[in-house]
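Can you keep this structure in mind? I'll have questions shortly.
Here the chain labels run A, B, C and D in written order, and each chain numbers its own residues starting at 1.
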Amino acid sequence: MSLFKSREALLAGAILVLLALIASRFPAFIAPDNLARVFTDTSPLLILALGQTVVILTRCIDLSVAANLALTGMVCAMLNAAMPGVPVVVILLIAVTLGAVMGMVNGLLVWKLAIPSIVVTLGTMTIYRGTIFLISDGAWVNAHEMSAAFTGFPRATVLGLPMLAWFGILAAVVMIVMIRSTPLGRAFYAVGGNPHAAVYTGISVGRTQFWAFTLSGALAGLCGYLWVARYAVAYVDIAGGFELEVVAACVIGGISIAGGAGTILGTILGALFLGIVKNALPVVDISPFWQMAISGTAIIVAVTLNTRNTKRKGRIILRRAQEQTEGATA
Amino acid sequence: KGAEEAAAELGNVEVIYTGPTDTTAEGQIEVINALIAQQVDAIAVSANDTDALVPVLKKAMQRGITVISWDSGVAAEGRELHLNPSSNPLIGNMIIKLAADELPEGGKVAVLSATTTSTNQNTWIAEMNKVMGNYEGIEVVGTVYGDDLADKSYREATGLMQTYPDLDAIIAPTSVGIVAAARAVEDAGKVGQVNVTGLGLPSEMAGAIESGASKSFAIWNPIDLGYSATMLAYQLATDAAEAAPGAEIPMGRMGTLTLDENTEGAMADPFVYDASNINDFKDIF
Amino acid sequence: MQLSVESRQFDSPRSDISDTPVLALRDITKTFPGVKALDGVSLELFPGQVTALIGENGAGKSTLVKTLTGIYQPDSGTIHVAGAPVTFATAQDASVAGITAIHQETVLFDELTVAENIFIGHAPRGRFGLIDWKAMRSRAAYILARIDADLDPDTPLRDLGIASKHLVAIARALSVDARVVVMDEPTAALSHKEIEELYDLVDRLKAEGRAILFISHKFDEVFRIADRYTVFRDGTHVGAGLMADVTEGDLVRLMVGRDVNQIFPERRKAPGDDVLKVVGYAHPTEFENINFTLRRGEILGFYGLVGAGRSEVMQALFGITKPSKGVTQIDGQIKVIRSPAEAVEAGIVYVPEDRGKQGAVIGLPIFQNVTLPSLTQTSRSGFLRLSEEFALAREYTERLDLRAAALDQDVGNLSGGNQQKVVIAKWLATKPRVIILDEPTKGIDIGSKAAVHAFMAELAAQGLSVIMVSSEIPEVLGMSDRVIVMREGLIAAELEGDDLTPETLVRFAAGIGESA
Amino acid sequence: MSDASLTPRRIPDRLHSPAARLLGSWELLLLVVAVAIFIANSLASPYFLNAWNLSDATFNFTEKAMIAFAMALLIIAGEIDLSVASIIALASTAMGAAASVGVGTPGLIVVGLATGLACGAFNGALVTRLGLPSIVVTIGTMSLFRGISFIVLGDGAYRDYPSDFAYFGQGYVFWVISFEFVLFAVLAVIYYVLLHRTNFGRTVYAIGNNATAAQFSGIRVARVKFILFLLTGLMSGVAAICLTSRLGSTRPSIGMGWELEVVTMVVLGGVSILGGAGSIPGVVIAAFVMGLVTFGLGLLNVPGIVMSIFIGLMLIGVIALPRLWKMWRK
């Protein structure tokens, strides 16, 4: 437990240092309403990262999230353009359902055919993306074709925060409860930590992974609508390459790519970290050509620190060492 | 769309419209190779990269295929002529003028470009900087790149407004960027303070004009562009015309194209859209 | 019931057992690619009785356990619980039917807490169907207390030693109110004291009227606690009956189909010069002040309770971990060993305790496992020569009496004992000077065990020096020339000759009669 | 059941005859697919069976395949390198910088290869020295390497390569046989021998199946993995030379997105993404399959995005169909 705490504490510390550094160059960045804006901007990343976390916990990876988001987004946009009268709630439902179905396709391939997830999602990633082209014929759906309710929803503010941010918070809370206190949530850890043993406890590895993908897909679908509505445009390439950023957020948050280890809190912090970096770079007057190198370095440094922190130091057998550690914790 | 119109007019032309998986030069090369293999008569390309396509296009020309570039150009040795939608100095001047017209007392403007490698963007921005002297009191405070991604452009535009709280205008000579910038201005509640302008399509910008985030913007007619490119390719492929500096090549209803010393020519002047005319065009392109 | 001719004599002629079997398996067949693991076997378990299931490595015992706990589905045959036919699609189904098991492999989760490991799959639920953590903790504490395990339910499992993990596995089996408790080699990782506690537990479970299936290779255990026996050989049922009616010799003969000499091999004790000298090994948390010498042709036993740090010392010697202090000398020369590769070059090889993870390269064929450290021997200037590889692999695997369908079979398809033989063969093929065997006969059947013992003696006789880490007192006494006893990361004693008795071993290992 | 156990049992060398193993092999299945695609292409397009056109088509895969060979070894050993495309960018940038100060063709080759090796060494050191998961490390270096390219080049380009430098990407060795194709063939043979005929290749398989047991068998696991990262970097350098020569210029976006295509090629070639299994002939055939599909569809003027659907379907289908077939028969 202490390891976990310290890992997240480290990351939280890093975020504070980062904010301090940014503030030293650009004080307005840490103004509360700007931080709220950064959080809102980070929400899609956060929501996707939460879904990805569950998938990674089960020793899988979902590279199709961005394509799923884009396809769902396009469907929602086209639906709205064709039938402006359809209420947003229905569109939300359709988005989540469609996303979940695409997640289920991944999940079924992983579960029933035992194809490694990276292969499955590499394949569905291109298939989903290509499908957008097929349904839209490469055309854009633009702001003026969307209804005001459609584009206004994620930006409507409730208690001072836009809906988009509330969705981020809601997703985080639901996931924390789900991971901590439902059998499925614990099964994610079991399946990723020791898939062999999971079978012995009556947990079906494949079925659990299936649900992980479904969840990830549903959240990607949700983001699909939110994204398209927020930027008021839908086209084939939206959120291109976003999947790697999502994985990066999880990894920075300490989710072990080997499965079975990590916390939702870590993911939240990881997503925030990346979100702050992304939002800060444009304002701290760093040449745009440096951005890529900086985010790459951030990923490497973060994962180095994370791994350092969790490295095993060997067993404690000697009585002397035992007393020392007990003294330290007492 | 315009290409088909031209094909119909010419009668004996078949248009193949195709594109690569992604917006990379390598992908375009694969497509061009496939076109060469089909022994097409002419290739009209809007390039992702000025230089990278040169070898493969040279190969195409060696095999007797007419090659022209349009919109985003290819280096001179890789094509017979290049069709600019409009003259680069004209566009450079236009985008800054659109911003300056709304700022009689001068002010700060920033540029939101597409990718760092897009040739046409960079040319326009360079041309714009050349004529800056004509616009007294207008100061270009920075250039950022949104990579033609909606989310990144949005974030960059937001960043600009924060870095320069007294920013007066954002110039985005890219259709993705201008939409995202307008969106960012609306979300930041700065409609009226920051004017978004640049190059965009009426269909995509109708919302921004309506909200007031953008007062005006410019664009040429993409249908005309496709039409002209097809016409030019036809003229060259049938040897009815030859691409040489100074040559004048007819483009059907679009008049004639006059080539400069780089065998480039401009189609027409960009057209300005604002609240007064946007509704007439937003459903066309 | 399908019986072979020779086993019929052991079948109980009496039919006066009044109670009906609570669990009955009939004509179960289970095949894996290339192996018929179970071939029409049957088994009955009775309430309040312990049935011992015995058989050589690979006889199909664990496969049967997995079949009756829903992990494998049989190809044919039926399972009856209290007379009614059932099918188990998952482990949960079996658990609901009242069948629980301590499996041979540790089936636990390092990242979860002790309490969760006990309850995963059937955690107590509270409001909205959410997991009731409080109830889970208190119930875990209750079960742990019941088996005298001094563990905090909130500790993450990864902080526990292997013995404690085993206690968690036992607690897990007890967390289900089961009619049938299966124990697949439950004592393999336990120390003397813990084994005694386990016996008590079995007695209690018996008294509560539960049926117990007990799998073990240790005959003393079987005779101590079992009421009945069932013997498998090569996936077939070769006999069953009451323990009271058989002798150890009978069972052995049933198991292997022949007589086996269980006496440890006769050894001429003529230790030669010092070969290996370990001086002042120390590690920040694992061990300290480790000094010993190993002579030519000697078998040096390392005894200690599980978790005493013997494996850690051996792994340091083999270059896996780095001791913070100390030197290794071979033939008086100081050798720096920073990696297993350097250890192998220096002539030190190590047969690890955890053969699935550290010993055999599962996924590679048998012959490639054997030749892995000897590739320079079987290749020419870096290029492979398959014929030489097969020759080398054949030589050593056949000497160890490996049971395999072919040399290009995946080691993963072998039983545990046979995997161990492949690992030993791998090292013998490098012609080492010092071989370290960490629990070499753990989970190995009696026939193979004798072969391993004979082989160890032969190696020593040929001048190889052997270090044998073992937790089995008879083995330590029977095989070693000298024994080092470790306790809590320190050398507690070095025993030789007349000092070497079961009592001294236990006394030094447990630290009895000393101030700690 | 007999007393044969008294004497050591004779264990046969092999369970199945070589012919039987070939019949059930992935490579054969792929070969059938490749031939089928070839026939389909020649039926679908009159332009397909033309020596020059086929020669042009090889450029669609030769460079990617060169990287794929090294990547295959790396993936078999249980690691992955997602930074290969970025290594191309960095190596190409380095060559461009060297060319702009007048370095000749031999010097450029040295620069390209050295940059590839250096990047490989950087990845390798992070993975083997610090024990970080390679998928994460190389997601980081993927941004970092290309980021450096962006810092150096910005929106500029290098285009003044010596004229004889064009040979590597545009030269022909004999008639329609391009230099790249010859290099591809030579490398295929070299990698075949390395993986299937040497001790080194054997250790690669051992590490991929069980790195711990391999280490416990005296294999220098870290060193082998490091070498594999070096090789992958080196091959990215080779690909950078060919691609740069073929394009005749360098921009930071060169080779963008190739990492996933290379991985797709390797996986389609039957290499287990989980490590431990796969073969070079499989990768070679997969390279042809991908080249043939993209070229064949290109001839039919199928847009690239739709083409990628085919690749995605093939990736999943080629793995899924045999499994479905097995399930069907049961």
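Criterion: contacts are C-beta pairs under 8 Å (C-beta built on N, C-alpha and C of every residue); 3 or more make two chains touch, one makes a residue touch a chain.
Since the structure is predicted, the reported quantities are computational estimates derived from the model, not experimental observations.
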(message) With contacts counted as defined, which of the two, A-B or B-D, has more C-beta pairs across the interface?
(response) B-D
(request) List the centre-to-centre spacing of chain B and chain D in whole Å, with centres computed as mean CA coordinates. (result) 37
(request) Let me have the rounded angstrom distance from the C-alpha centre of chain B over to the C-alpha centre of chain C, please. (result) 73
(message) Need the CA-centroid distance for the pair chain A / chain D, whole Å please.
(response) 30
(message) Which positions in chain A are in touch with at least two other chains?
(response) 138, 289
(message) Please output the residue numbers of chain D that touch at least 2 other chains, ranges allowed.
(response) 150, 154, 303, 305, 308
(message) I need the residues of chain C touching at least two other chains; which ones are they?
(response) none
(request) Provide the full list of chain pairs in touch. (result) A-B, A-C, A-D, B-D, C-D
(request) Would you tell me which residues of chain C are touching chain D in their complex? (result) 4, 34, 233-234, 236, 256-258, 318, 320, 339-341, 343-344, 349-350, 352, 357-364, 367-368, 372-373, 375-376, 379, 382-384, 390, 394, 397-399, 401-409, 426, 430, 447
(message) If we count contacts the way the header does, which residues on chain A are in touch with chain D in the complex?
(response) 61, 109, 112-116, 118-120, 122-127, 129-131, 133-134, 138, 236, 244, 247-248, 251, 256-258, 287, 289-300, 303-304, 307-308, 311
(message) Taking the touch rule as given, give the residues of chain B at its contact with chain A in the complex, in rising order.
(response) 19, 22-23, 116, 144-145, 149-151, 154-156, 158-160, 162-163, 165, 176, 179-180, 183, 187, 201, 203-204, 206-208, 210, 282
(message) Under the definition above, what is the set of chain C residues touching chain A in their complex?
(response) 69-71, 90-95, 101, 103, 105-112, 116, 120-121, 123, 125, 129-131, 133, 154, 156, 161, 283-288, 307-309, 312, 321, 488-490, 516
(message) List the residues on chain D that touch chain B in their complex, please.
(response) 45, 47-48, 50, 52-53, 56-57, 59-60, 150, 154-155, 157, 159, 166, 169-170, 243, 246-249, 251-258, 294-295, 298-299, 301-305, 307-308
